[in-house]
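Common to both upcoming complexes is chain A, partnered first by chain B, then by chain C.
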Partner chain A sequence: MTGQELRALILSTLALAAAAALPALGSSYWLTMGVTIAMYTVLATSWALFSGPTHYISLATAAFFGVGTYTTAIGIELLPYWTLLPIAAALGAVMAALVGFATLRLSGVYFVIFTLGLAEFVRQIITWVQNLTGQKGLYVLTDLTEKHIYWQLLGLAALVYLAGWLIARSRLGFALRIIGDDEEVARHVGIDTALAKIVLFMVPGAVAAVAGAMLAPRYIYIEPSLAFTPMLSFQVVIMALLGGTGRLWGAVVGVIPFTLLWEAISASFPNQTTLLLGVAFLVIVYLLPRGFVGLLEDARRRLGGGGW
Partner chain B sequence: MDILITGLLLGGTYALIAMGLNLQYGMARIMNLANGEMLVAGGFAAFWLYNAGQVSPLLTVFLVAPLAFALNWLIYRVMLLPLVRRAKSRGQLEVDSILATFGLSFVAVGLMLMAFGGDYFSYSYLARPVSFLGDTYALNRMVAFLAAVVICGALYLWLERSRAGMSIRAIAVAPESARLVGIDVPRLAAIAFALGGAVTAAGGALISSFLTLDASTGVVFTLKALIIVIMGGVGDVRGTIVAALLLGVMETFVAALIDPGLTLAAAYLLFILILLFRPQGLFGQRTT
Partner chain C sequence: MAVPSSSTPVLSLRGATKRFGGLVAVNNLDFDVMEHQVMGLIGPNGSGKSTTLNLISGALRPSAGSILLRGAPITHLRAHAIARRGVARTFQLVRVLPSMTVLENIRAGAVFGHRRRWGHEADAFATQMAEKVGLAGKLAMRVSQLTYIDTKRVELARALASEPRVLLLDEWLAGLNPTELGEGIALVRRLRDEGRTILLVEHVMDAIRSLCDACVVMAAGAKIAEGTPDEVLSDPEVIRAYLGEEDA
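On to the complex of A and B.
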């Protein structure tokens, strides 16, 4: 382990410890914000793990998240809560593999369209099944409080960062960097590009499903329109791109300001959140194509500082 | 039998919308995810004019189409052309245009919510039954279908026969070579994009005469139009029409026989099958 890596490890451990102490503040408002920020950090960071190197825009987050929520909602009657998280992860990963198999061999547009409709597809089917069986929603009653959900999400975030670091050092990560630069070249040097993308896509699939499973106790009453809200996918895309997908820590730089802005806007102008999403997309495309990370790096370069 | 005809009637209007998207994606090479919002805007115009002055949606088409043409031309020149210019590769342009048009789509929904509120809107135009081959159908669906056929037919003839239409087909097939034979690609791409917007808005005005819309339904139509375009083959007018009719019939069957809540799921299932077995479209040739 080089000195730089050791420094990064110490810094991130300290940051994690500081974040874990948030409930000690005793403010329920900030704890709620903490849960939201931790949730989006997990979702956006794992999203960027896939979309950063491949440039495929996934809008499937809400679908995986909803599947995870339903895993808890259905499973809580039958199994202990802790066993549901790995089940959700497995379901999310399998679903991602299936989606990847259908679309990742094709161009990026097909993938975007497919993932755009995926949450709605799953939602319609669950609604239909519920209509057949005559139930409307499911109750998730546990003794987990906001504090516990927050710590679980932080743990998941630590796992996501660890996974991102390991992938970057692995053969897969190396293959992905080549694919990201030039897919044609990657194929010619013998990389199975479709397989690499499918395997990588399983990471955000599993992570989003676990996040959904962890948040189910917070919602208490689960119904399809709540679990599969399409806004979630778009928010995650915006936060990840706003932060910048080039770095592992990029997403969180976008998550914190955007979550605060989103909360402020939806508190005072609840009907304008759609407009905010739209403007955020346009800002990213026209003003911040590399996100905040790009801004920071440009600033460093201008100040004559060395690279990372 | 009546399910089949109802499905074909619906498919006719879908064909019009998908044709609009196909002009934008197949010819102008911009994946426009704000397409559905243009449709809803056309529907809003028809609704508003009908309620304010009993203007028939058929007349509204003639007002909405030029307006949408101008607006989409502006969008292309001001917002999308810079992206085309800065893109280093087709993939880069795809990502940029997807994000930019998503942005546009949300901005449009936000503005429409502000202007009209979140309510559903519908009006009653020609809502009387007519009988045809022994069954009865709503007259407004029949009229919308016929209008769609006329517009699609005119568009097809224009693309096939006119010089501008031929140039547009040329840039769809080979944008690089088109430049070599003296075709002004940016100008024609802008025209194709604007025309696509006009056709979609006209489709919106027609569809609003028999479907209930609200400010945020646009994305559903975008998704359906995308599925039709991919199923029919990008840039393929004939394939688009066949795919649209197929989707209309399939949706109507699912709604009538299983559950009306599953129409989008049915469309989606069709899409999965296409992706798995014929990603190049129903009539497309497999490219290398």
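On to the complex of A and C.
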């Protein structure tokens, strides 16, 4: 381990410890914000792991998240809560692999549309099944409080960062950088580009499903329109792009300001949230194409720092 | 399938054909490239030379016929599988990886190619290949900072770093100025002297005469001549193909 890596590890551990101490503040408002921020950090960081290097825009987050939510909602009657998280991860990963197998050989546009449709498709299936059985939703009743959900999400975030760090150092990470630069070259140096993309897409699939499974006890009453809301997919994309997908820590830099801003907007303009979401997206694309990460790196280069 | 031996060609095309709709770009092409041989693939513009390289490397799938690497068919394999079996190439329009350094570009070949390396071993081998093509001292540079010939060197080193059984050079010497051309020819000659097996598509006649052991001449997708450079370049049919009917 190099000195730089050691420093990053110490800083990350300190940041995680500080974040874990949030419930000690005793403010339920900030704990709620903490859960939202931790959830979007997990979702946006894992999203960027795949979309950063491949440039594929996935709108499937809600589909995986919803599947995870329903894993808890259905499974909680039958199995202990803790066994549901790995089951959700496996379901999310398998679903991502299937989607990847079906679409990742196609060009980016088809992928975007397919992933958007996927969440709607799964939602319609669940609604249909519920109509057959006459249920409208499912209750998830556990002893887990907001604090426990928050800590679980932090643990998941730590795992996502660890996975991202390990992938970046692996052959897979190197293969993805080559694919991102020139897919034709990637194929001709011997990289199975389709396989690399499918394997990588399983990461955000599994992570989003686990996040959904963790959040289910917070919602208490689960119904398809809540679990599979497409807004979730769009928000994850916007937050990840706002932060910047070029660095592992980019997403969180977008998640925190966006969540706070979103909270302020929803409180002051509850009827215009979708409009403002669209405006935020345009601003990011036009003014911050590389996100806050790009802005920070440019500033640092101007100051003569460089080399990181 | 015969056991590969020194007499088995490294690369064989048997009836290789590529149609694009009604256009037959490569028509029933047969030839062999032997071990340690430098084979030139020449012919007028549009005669199907680059398409032939694309069929071999897996960038395109043949419509008919077969392509064998040391006697084993690679006809319907995808490009990455063909690369892993030992076919490496450069591109007619240079393709380097823009976000990476020279060393990382070359390492791509060492990590994923025919003979796979990782970590320090990959770096050491990539460095060795960089030195071989004349990029020593430029390893940490971004490819955007390089001159045109140096980007071509990066591509060549990337291909060499996979330790290919056969190296495909698609007009590697095209676009170089006279000084660079001299350096380029000398570099390919060094590879030839190392005993590498090379199939090159080329327009530069000096290079063909000084580098190739044998040539295949294509016109309108078909092979019209095969032999040593001197033989084929004095063949009346070849001259007719290049210069047109009246000048022959």
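Note that the second predicted complex is superposed on the first by the 308 of 308 C-alpha atoms of A that agree within 3 Å, B and C clash if a C-alpha of one lies under 4 Å from a C-alpha of the other, contacts with A are read in each partner's own complex, and residues count from 1 in each chain.
In the analysis below, a contact is a pair of C-beta atoms (placed from the backbone, for glycine too) under 8 Å apart; a residue touches a chain by one contact, two chains touch by 3 or more.
Remember, it's a predicted structure, so these values are computed and weren't measured experimentally.
After alignment on the shared chain A, the placement of chain B and chain C results in a side-by-side fit free of clashes.
By the touch criterion defined above, A:Gln124 lies against chain B but remains apart from chain C after alignment on the C-alpha atoms of chain A. Using the contact criterion defined above for the overlaid structures, shared-chain residue A:Glu5 touches neither chain B nor chain C, since it reaches no partner.
Within the superposed three-chain arrangement, the count of touched residues of chain A is higher for B, of the candidates chain B and chain C. When both complexes are overlaid on chain A, the residue A:Arg187 reaches chain C alone and has no touch with chain B.
Of the two partner chains placed around the shared chain by superposition, neither chain B nor chain C is touched by A:Asp298.
By the document's definition of touching, of the two partners only chain B reaches A:Gly108; chain C does not.
Superposition on chain A places chain B within reach of chain C only down to 6 Å, the least C-alpha distance between them. Within chain A, not a single residue is touched by chain B in the first complex and by chain C in the second. Across the interface of their complex, chain A is touched by residues 31, 82-83, 91-92, 94-96, 98-100, 102-111, 113-114, 118, 216, 219, 223, 226-227, 230, 259, 261-262, 264-265, 268, 271-272, 275-276, 279 of chain B. The touching residues of chain C, counted against chain A in their complex, run 57-59, 78-81, 83-84, 88-89, 91, 95-100, 107-109, 111-114, 116, 118, 158, 162.
Put simply, chain A touches chain C in their complex at residues 171, 174-175, 177-178, 180-182, 184-193. Within the complex, the chain A residues that touch chain B are 55, 57, 102-103, 106-110, 112-114, 116-117, 120-121, 124-125, 127-128, 131, 230, 234, 241, 271-272, 274-282, 284-286, 289.
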